[in-house]
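Inspection log for the structure reproduced underneath, given as structure tokens.
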Amino acid sequence: MGMVGGGPGAFIGAIHRVAAQLDGQIELVGGAFSSDPGKSRDTGTALFLDPTRVYGSYTEMMEKESALPADRRMDLVSIVTPNHLHFEPARLAMESGFHVVLDKPIAFSLEEALRLKEISEKTKRLCCLTHTYAGYPMVKEARYQVAAGHLGAIRKVYVEYPQGWLSNALEKEENKQASWRTDPARSGIAGCMGDIGTHAFHLAEYVSGLKVSHLCAELGTFVKGRRLDDDGAVLLRFNNGATGVLMATQVAAGEENNIRIRVYGEKGGLEWQQQDNNTLLLKWPDRPAQACRAGAAYLSPSSLHNSRTPSGHPEGYLEAFANHYRNFALTLQAMMPNEKPTAEWLDFPTIDDGIRGMAFIENVVRSASSETKFIPFETVVPV
Amino acid sequence: MGMVGGGPGAFIGAIHRVAAQLDGQIELVGGAFSSDPGKSRDTGTALFLDPTRVYGSYTEMMEKESALPADRRMDLVSIVTPNHLHFEPARLAMESGFHVVLDKPIAFSLEEALRLKEISEKTKRLCCLTHTYAGYPMVKEARYQVAAGHLGAIRKVYVEYPQGWLSNALEKEENKQASWRTDPARSGIAGCMGDIGTHAFHLAEYVSGLKVSHLCAELGTFVKGRRLDDDGAVLLRFNNGATGVLMATQVAAGEENNIRIRVYGEKGGLEWQQQDNNTLLLKWPDRPAQACRAGAAYLSPSSLHNSRTPSGHPEGYLEAFANHYRNFALTLQAMMPNEKPTAEWLDFPTIDDGIRGMAFIENVVRSASSETKFIPFETVVPV
Amino acid sequence: MGMVGGGPGAFIGAIHRVAAQLDGQIELVGGAFSSDPGKSRDTGTALFLDPTRVYGSYTEMMEKESALPADRRMDLVSIVTPNHLHFEPARLAMESGFHVVLDKPIAFSLEEALRLKEISEKTKRLCCLTHTYAGYPMVKEARYQVAAGHLGAIRKVYVEYPQGWLSNALEKEENKQASWRTDPARSGIAGCMGDIGTHAFHLAEYVSGLKVSHLCAELGTFVKGRRLDDDGAVLLRFNNGATGVLMATQVAAGEENNIRIRVYGEKGGLEWQQQDNNTLLLKWPDRPAQACRAGAAYLSPSSLHNSRTPSGHPEGYLEAFANHYRNFALTLQAMMPNEKPTAEWLDFPTIDDGIRGMAFIENVVRSASSETKFIPFETVVPV
Amino acid sequence: MGMVGGGPGAFIGAIHRVAAQLDGQIELVGGAFSSDPGKSRDTGTALFLDPTRVYGSYTEMMEKESALPADRRMDLVSIVTPNHLHFEPARLAMESGFHVVLDKPIAFSLEEALRLKEISEKTKRLCCLTHTYAGYPMVKEARYQVAAGHLGAIRKVYVEYPQGWLSNALEKEENKQASWRTDPARSGIAGCMGDIGTHAFHLAEYVSGLKVSHLCAELGTFVKGRRLDDDGAVLLRFNNGATGVLMATQVAAGEENNIRIRVYGEKGGLEWQQQDNNTLLLKWPDRPAQACRAGAAYLSPSSLHNSRTPSGHPEGYLEAFANHYRNFALTLQAMMPNEKPTAEWLDFPTIDDGIRGMAFIENVVRSASSETKFIPFETVVPV
């Protein structure tokens, strides 16, 4: 694997590196870690990489790596740059023959996302999009419980992602993370909704197995001078008649990253939150609520496939992240000799999820500036 | 104290009786417990009441009791009937010289609520409205923390009341509680929003100290054949620029009565939920979250005034309910010799809260049927 | 009901009064609230009692009340004085024809407890001992789950009662509660173990349905100058071969009153703690743990009989306390017309529980001063 | 790094491999994974290892690896075999020039542990012992809070490790884990106490900074036919006068691996449990309890050094395990150029911890079979 981005000061690059290599299925062999060749080199050295495979730019990396013999060159490229630098490296990677892992949201705009899909289909290269939370074993179990019909027809979906780290104008204090996330030129048309709203949106559709059909959004910017939304709430209507609420905020002072989902059907409900990620609560009208625990033998194959430790020994964020990488790698390995990947292996977010994520951003922003209450959820670029 | 309603099969009547008498400040001496005189009598007997003060109708009760000498007659009347039977007994009680305790929502319509206020002012009789959750010691503490400015200027208010008991058409199964609550003739224009949405709304305004200025509502009815909403979500705007979300549902299968509020300001946040009612979480961006516990010496006078047990010995719903009765009684006792009730004693919900509750219902219903996103929160009856 | 003790500054007297009257089955009509007649009178006035039934001593109360006509005099006497003042009032009450409620531990010594039993049998008067925690609905459910065999044969019992309020020498600061509890002349031969160890011991035997057969105790006194133990731990052996641990301490700085019990059998385990008193966790080796909730329809009759509110509306300490009074009152009422009280009504702690409590204290103290590891649990006074 | 053990069916070998490599500081280059050369080879292949460095025995591995040039050969050896196969590989590894990572307990007997220390001192090779729980960031914080004096002089230490997986005779069902752990020939003189009691013991001494001076133990075997203890409880006395209780059991049916510690001092208390491993509770007598969260900026350097993700993104068991490997690697790296490792790097369990662990086992077993209550904690082999 090669990496684009993830140089000094980047948070998510280091996460990707640990996650990719956690299960011994993927090895980081090179990268273009920074647009500054010196910084890229320093990062490569710190990672004990072969200096000849540490590049000054992603274009150089794609060119040189694709020229290597098949058994030596990278199989895939992981792109962990800010949003405005997703499309070009991803396009070039696929066109150079590499599979791609992309951090979310998939691109800078819905239009870019749709184009990535075309390129992927043309080049027959796959993309994995790291919507981390869908990688948790107990989120897999939640999805399974809904899909198996244990909750009955779904009526309500509540999803929320409260953060507090942008309660102040951090972007004015040399904070690299805050800086690009609040900059329309690098982040896109949404701030909070692009950064964490898309996670919540993906989780809602992933667990419920439903698609949002209409939404009514309200966005806000609480910190003076901030150029993008730092808060929002969205009323949701789903394609089966269910309704729901999505709340995402980065100004809930004192909150960390406690993404949480609750789903209720005619026969029961479920609740999962990152802060207690190894537990899935199942709630029933006529019998005691159950606390399902990661790694327990009674779980679905899908959940167990994504656990590494015995029940009670907690796994967390890095392992959830690693599950996407592992499933992607298993799928790619199976495809090479033309085998069929299992349903468990194919269970990673794809370009289609990326397209819905970008559509979510664009629809939310459109709704937020509209006087009309509900608007339909569109997945094509308006002409 | 005399009671109107609360006969066989009523749930809330028994709660009111325990709550009223818990602290030895109020004694139930009579009542008109049912429109069926036999049932009223049976209830009186079961309660060891003097049979001469158990009445066949509330009109008889008001007439006979007001004719008793001052030192023997009731001081106040507690009205625990369904919503359509709030106004007339309350009017008659005040005009007969009695103070009044009313179960929520205060009346059948905003218009009735506004008229009750006029009558109260004319007769100089007081009303206490039992928004239970505002009676919890740790809700008092939450209100104090906001009022004292510890959280800074408030930005976000999330309040929710998920229930699951109406997931099925209970109203078709001889369930007295479900029956009147889903009947427009007895409940009013809203179901879920009137029954529990008003509690959530009151809690949000009580804790935050803010007033809702605009709202955008979505109501739903998930159970076939049901005549009123059993679910809803409301986007809120407050008079200081804060925003929020109110969620109330009675079809969250498996949920009990876990009303919960979260408030975030510029400097910190708080969280309280009924399921862990003796704890108030305070969350800070720069130091560990704190778990304040009911009865602890470090709490505000307002919170401590509403506790009866040492820290760690849990109090609950009945005690929260009793706090409203006790504070109302202390206020009335203080007013008799023309003393001034303390701020702690005056801390019970009043007709003004009832008016806002009815306005909430009417605004929510109006918004839910509107194509426009946000509407202003009106507190007068449209001409 | 009449009360002995519970004057100004007493904590437990007020608790008893609320608990006794909560369900409208018992009415406080008089008392000897203090050995100081003026203080007794003041307390009576504050409680709106008939001054002629407020007495200057318990001997006067027993004499005058027993002289009243049957339909006017007290039925029972509640004794809420420190331990050294339990036996004499209880003896006199029973010999004067009154049933008795006693705060725990039942007496000053095992010898007194055994004598109370004789008196009770001779006078045919009943005693109820207020081991509060056995009154919680979910403790009743725990006992039911064990008795029904759902956990299989019991192997382990862990019970603990950590408090922190005696971490400092409060007894030197005019604290009435601390003062008598640390005074051998008023408390008896044990401090912490008598005050809260007996609660934990009762809970362990009540829930498990087992009897302690041997124990190995270690007592400690951490606060300088304190005259009784403020901490202890006891290894337990039960009559069926199960083993366990009892921990009680009053120097766990920062702890409130989080009494907790865990019981494990061959097939499953359970956990209950006061801090989350409306939940009982059932744990299973092969399926998800279950959270049973007070008031839910799936609970045992014994648990439901001891609830007052719908599931999700929390009850607490006062209600648990009230359950003992209510069950005692129902039993007494049933016995008057020679009916048979139900198993649910008879479910209150009795003199036999008091005897075991006193035996626990004496065995623990004996073990603590012994070099031998385990000693048998004796329930007779050594000759 | 090379590995001894960890072939097919081993649980802990895979954990060690992930943990060792998680931070990119250590690379697994070879191993003797099984005493069956074919199985060893299969494991090597599955791990993508160079076949020439996959060995049929650990003796072969030590011999061949130590003959490699310095820049190619292993630096350290990780030994993950059952207890009876710790000493010989560790001895040979150190005498062949390798540093050693050992799974706990360090050896088969105290005598072996003491000899390992001599060999380590003679060969100047270091050992790291993987007491996992001491690797958690919030356990580091707990130790810091005690060491900094925030809790005052320590009075009480409660530590517990309840498991349920050996509630049945799993060792008769071809379960490899159960089989060797209940076999005196492979596990040593203790079962439960050696397997998890030593973890609890280490945690107690690590967090409190105290040493056990006396103990009083009770061991039990609940499953028929089992040859070692599957349950136990130990009363503890510490060298500063504090006392405590250690509970370890493998027959708490329904429990997973919820190791938990509570420590109380004169000024406050703390609580940590694996099930909520990213939280440390600090409890105070006079102010609200605090919930410290992993990764938060307000934590001690020692805690932050052992975190990888921002606050709120949970880390778990693998990361705790990895912390020992990382700190050991950082220490070794610093020592090569004769630099001084930092206090944070040196913070991994050593042979001295292993010696105390083996002493714990031997003292517990001795106490359990003694009639005398407390025995002194001896750390030398009785002559």
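In order of appearance the chains are A, B, C and D, and numbering begins at 1 in each one.
Everything below uses one rule, namely that contacts are C-beta pairs under 8 Å (C-beta built on N, C-alpha and C of every residue); 3 or more make two chains touch, one makes a residue touch a chain.
The structure presented is a predicted model; accordingly, all values stated were derived computationally and were not measured.
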>> Measuring between Cα centroids, which chain is at the maximum distance from subunit D?
In response: B
> Higher C-beta contact count, C-D or B-D?
Replying inline: C-D
> Once you find the CA centre of subunit B and the CA centre of subunit D, what distance in Å lies between them?
Replying inline: 55
> Rounded to the nearest whole Å, what is the centre-to-centre distance of subunit C and subunit D, using the mean of the C-alpha atoms as each centre?
Replying inline: 43
>> I need the residues of subunit B touching at least two other chains; which ones are they?
In response: 255, 282, 289, 293
>> Considering only the defined contacts, which subunit D positions touch subunit C in the complex?
In response: 151-152, 155-156, 158, 160, 162, 164-165, 167, 216, 218, 220, 222, 231, 233, 235, 243, 245, 247, 249, 251-255, 262, 264-269, 282-285, 289, 370-373
> Any idea which subunit B residues touch subunit D in the complex?
Replying inline: 282, 286-293, 296-298
> subunit C touches which residues of subunit B in the complex?
Replying inline: 11, 14-15, 17-18, 21-24, 47-48, 163, 255-258, 274-278, 293, 308-319
